[in-house]
Amino acid sequence: MSAVLAVLLQLVQFALVLLVAPLVTGLARKARSRLLGRRGPLVVQPYRDLAKLLRKEAVMAENASWLYRIAPYLVFALLWLATALVPTFMTRQPLSPAADLIALVGLLASARFVLALAGMDVGTSFGGLGSSREMMIASLAEPAMLLVIFTMAMFVHTTSIPSIVDFVLGRPVGLRVSFALAVISLTMVGIAETGRIPIDNPATHLELTMVHEAMILEYSGRHLALIEAASMLKLVFYLSLIAVVFAPWGIVRADPDLAGLGIALGAWVAKIIAGTLVLSVFEASIAKMRVFRVAEFLGGAFLLGLLGTIFLYVSQAP
Amino acid sequence: MLYGLDFDITHTLGTSVLLLSFALLYQRRLSGVLEAFALQAILVAAAAAWQAWTQDAPHLYITAGITLGFKAILIPLALGHIVRKLGIHRTIETVLGVNLTLLAGVALVALSILLVFPITFASGNVARENLTLALSVILLGLLMMITRRNAVTQVVGFMSLENGLVLAAVGVKGMPLVVEGSVAFSVLIAFIIFGMFFFRIRERFDTLDLQYLESFRGDRQVDRP
Amino acid sequence: MSDLNAVYLLLAIPLTAAVILVALPWHRASSLLNVAASLATLGVAVSLLRERPAAGSLVFIDDLNITLVVLTSLVGFTTSWFSATYIAHEVEIGRLTRTSLRFYHAMYQFLTFAMILALCANNIGVMWVAIEASTLTTVVMVSIYRTRESIEAAWKYFILGSVGIAMALFGTILIYLAGQSVIGAGTEALAWTELHARAGSFDANILNLAFVFLLVGYGTKVGLAPLHAWLPDAHAEGPTPISAVLSGLLLNVALYAVLRFKMILAGNAGAIAPGPLMLTMGLSSLLLAGVMLYRRRDIKRFFGYSSIEHMGIIAFAFGVGGPLANFAGLLHMALHSLTKSGIFFAVGHIAQVKGTQKIADIGGLTKTHPLLGWGFVLSVAAIAGLPPMGLFLSEFLVVTSAMARQPWLAVPVVVGLLVAFGALALRLQQLAFGEPRGASAPIQASLVPLYLHLVPVLVAGLWLPAPLVAWFRNVASLLGS
């Protein structure tokens, strides 16, 4: 594989996740609306929203600092990078060595950190409230996420995603409860992190319950567009991560040919669509939790992750 | 690390049973508890049937049948009836919070690993894992009996404990008298259910709550006729 | 199988009697049959002393269990005698209906069957089932009055007993796991004879874990702290003959199971010494019950705690180990059975003549009912361990053997004994002497069983027959350190 082609494919990867992200969000909204008996907006509506916001002027609060100004760019860049690092259609890319579970968690955490700081920067009560809730959820979700990674690390002996893919595709894994528990746990973490129901409702601005929306309430114009795009990317990140780690079938592992790439891309799109639809069904069938129940929800995720590790340990004879 | 399909199925069934023990602790409503218990009984029955197949021990099918018919179907129905009749659908009263109970549960699982792992080197992977999981289920059943103060949940906790015993008994190769044991237990449980139904026992009996045991409530002033 | 006829006969008598008694509608006839069946059981048990059958695959008789079989059938017989007269009065005053009486007698025989099966079984699985059956039977008996208190007591007994039983089963499975790798899969790996013979080559680690579960499990049935809570309630709320059987026999049967497993551990060089565990549980039971005795207001509950105390002493004695302590434990076990069931006979009389179980409402028994009163005084003096009663001798032996082995352990034992003694003396003074209090009705039931039990207890304190000493010594050496 020539270097030019490799770079080209890497760029395709970056462009792909960015382009698909609004579509996934649009699909999720549409599917959920349909399930709830509404017609819902068009699937392409998020593109229009983003375009509209980008055209508008960004209004800043008087006492906003430089942090507030650069936060949207930083958050967007970090999340774009993280999402693009998760292999979608092929595992051997120039940046693949960086595609490590722990590195990805780090990128996400940095983005969250920056955003939470920006939320508190202006000094309005909503921003602070949103930031503190976001950090609470994060502090509960991250241990669970780490345990999932721990399970994978015990199982595969690495946290590098391409190696995990090789392992999963390389030999029959058999029935593994730990694996299933890790999927469930990671899904629960994803739901909490992307602010979906039952943790947070991305479509509401109800002051008592909003988390993510409260934090970015002060943003407008292109800043808001970047943050919105970042959260859309986050959804793709989790869907893509679950797909590549637990169902990597179809992905290209060797030198790519055109047919292989086509199949891989098709498989990825199918997996993402399936994931989005499952998410919509789940969201439509469940009510939002009270904030203090979030601890229980994520406690469950943590427990499942822990049990996954324990079961793996139990079944591994020394 | 991989031992083939035999081990995988045993592993899956065993761990699922333990997972449901945690689900029992996680539940806040009696109906949820009964459903989780029925599911656990089904899985235990499946585990017994699977052991009957792998060990070529047909008598274990009887154990599986008893577990399935009695504990997965009959008992949950009977308990559901009692719950409706006595009007106790309410949220379960817990001694510890749910998260704390779950944490204690994980600690118990760790304990059983520490207890069983060092002593079963010679017994092979299947027996070792089964025994660990079974002991965990037993201890979690005890935990449920202690932390859920309600006659129905105590009984469910006891039966879940007994599920652990079945799991342990079928997992040990060639264990005789398993069927007799499960029959004896079924009689015991039938008595408990009968007693609850007949005497309308609905309030809590803090039988394992030490604080209560040390009080002198037992010496109430009762005059014989 | 022909050589095992006697043991099977021993089991068949109570079982057949139970079946007949369920069908028998006349309560006088059924109490007579109850006594007759118990007497026949006793006869067969004594005959086993002379001619012992060889060990079979299901049942076996050795020095240890024959002692307890004879004791069980003896106390079973005297209790059935007491019960015949006691129950007749209960029916007269309308506390028991005729239907529940039918049930009562059948259950009595079934309980005897279950206990003897548990003692004779040559299979730890069968023994487990028998002990479980005895739990069920006694639960039914405890709840027979159908009062709120009795049902609550039965429920408590039920739940705690079931947990204990479940723990014991897990221990049993572990023992099988240990045995199976040496003896091979199948019923043999559950047989006492095989287990004892080959205990040395078992995996010591599995035995250790198994014993912990067995001790906690069967220990619950023995009434050892911390799982003793069912015992006082069950004693207080059931019919008095059942309290006598519970204290005198059932606790012994459960303790027998623990002792057997202790023997397996003792036969394995690598296993932990089971002594300290039993010793700790025994000592804590003794001290706890001793303190709890002071605050009792119900006379039957009072003596229920006293049973916990004595079970603690016995467990302590076996925990200390060695020929002398084992001897003391065995002697104490036998004498406690006789004395405690005798006390419950007396308490049954007292509750009937006074119409209450409240200690505060009973007084001056020696004045109103001299024969009953003095019998009661004697038996309480015996249970408190006053010389020259037999229990003084056994308690003395327990303390001296503890002295010899671990001197510092003798201190808490003596403290526990003295605390319990204080409580007993205090209550006895109030119950038996002073001005008569409360109602006073003539005695309805027979006093013979009470005095029948008192005589051997008194004699044992003064003179132990040499053959008996030799016998107990032999059994004590079997039990190991």
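Letters A, B and C mark the chains in the order given here, with residues in each chain numbered from 1 onward.
Note that in this section a contact is a pair of C-beta atoms (placed from the backbone, for glycine too) under 8 Å apart; a residue touches a chain by one contact, two chains touch by 3 or more.
Quick caveat: nothing in here was measured; it's all calculated off a predicted structure.
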Q: Mind having a look at which chain is the central one, using mean CA positions?
A: B
Q: Quick one: point me to the chain whose Cα centre is farthest from that of chain B.
A: A
(Q) On a C-alpha centroid basis, what's the spacing between chain A and chain B, in Å? (A) 38
Q) Can you give the whole-Å distance between the Cα centres of chain B and chain C? A) 30
Q: Could you give the separation in Å between the centres of chain A and chain C, each centre being the mean of its C-alpha atoms?
A: 66
Q: Would you pull the chain B residues touching chain A in the complex into a rising list?
A: 1-2, 4-5, 7-9, 11-12, 15-16, 18-19, 22, 26, 98-99, 102, 106, 109-110, 113, 125, 128-129, 132-133
Q | Interfacial residue positions of chain A with respect to chain B in the complex | A | 171-178, 181, 295-296, 299-300, 303, 306-307, 310-311, 313-317
Q) What part of chain C is in contact with chain B in the complex they form? A) 93-95, 123, 125-126, 128-129, 132-133, 136, 139, 143, 149, 151-152, 154-156, 158-160, 162-163, 165-167, 169-170, 173, 176-177, 180-181, 185-187, 189-190, 203, 205-206, 208-209, 226, 229-230, 232-233, 236, 295-298, 301, 351, 355-358
(Q) For the complex, give me every residue of chain B touching chain C. (A) 115-116, 118-120, 122-123, 127, 131, 134-135, 138, 142, 145, 151, 154, 158, 161-162, 164-165, 168-169, 172-177, 180-181, 184-185, 187-188, 191-192, 195, 199, 201, 205, 207-208, 210, 213, 216, 218-225
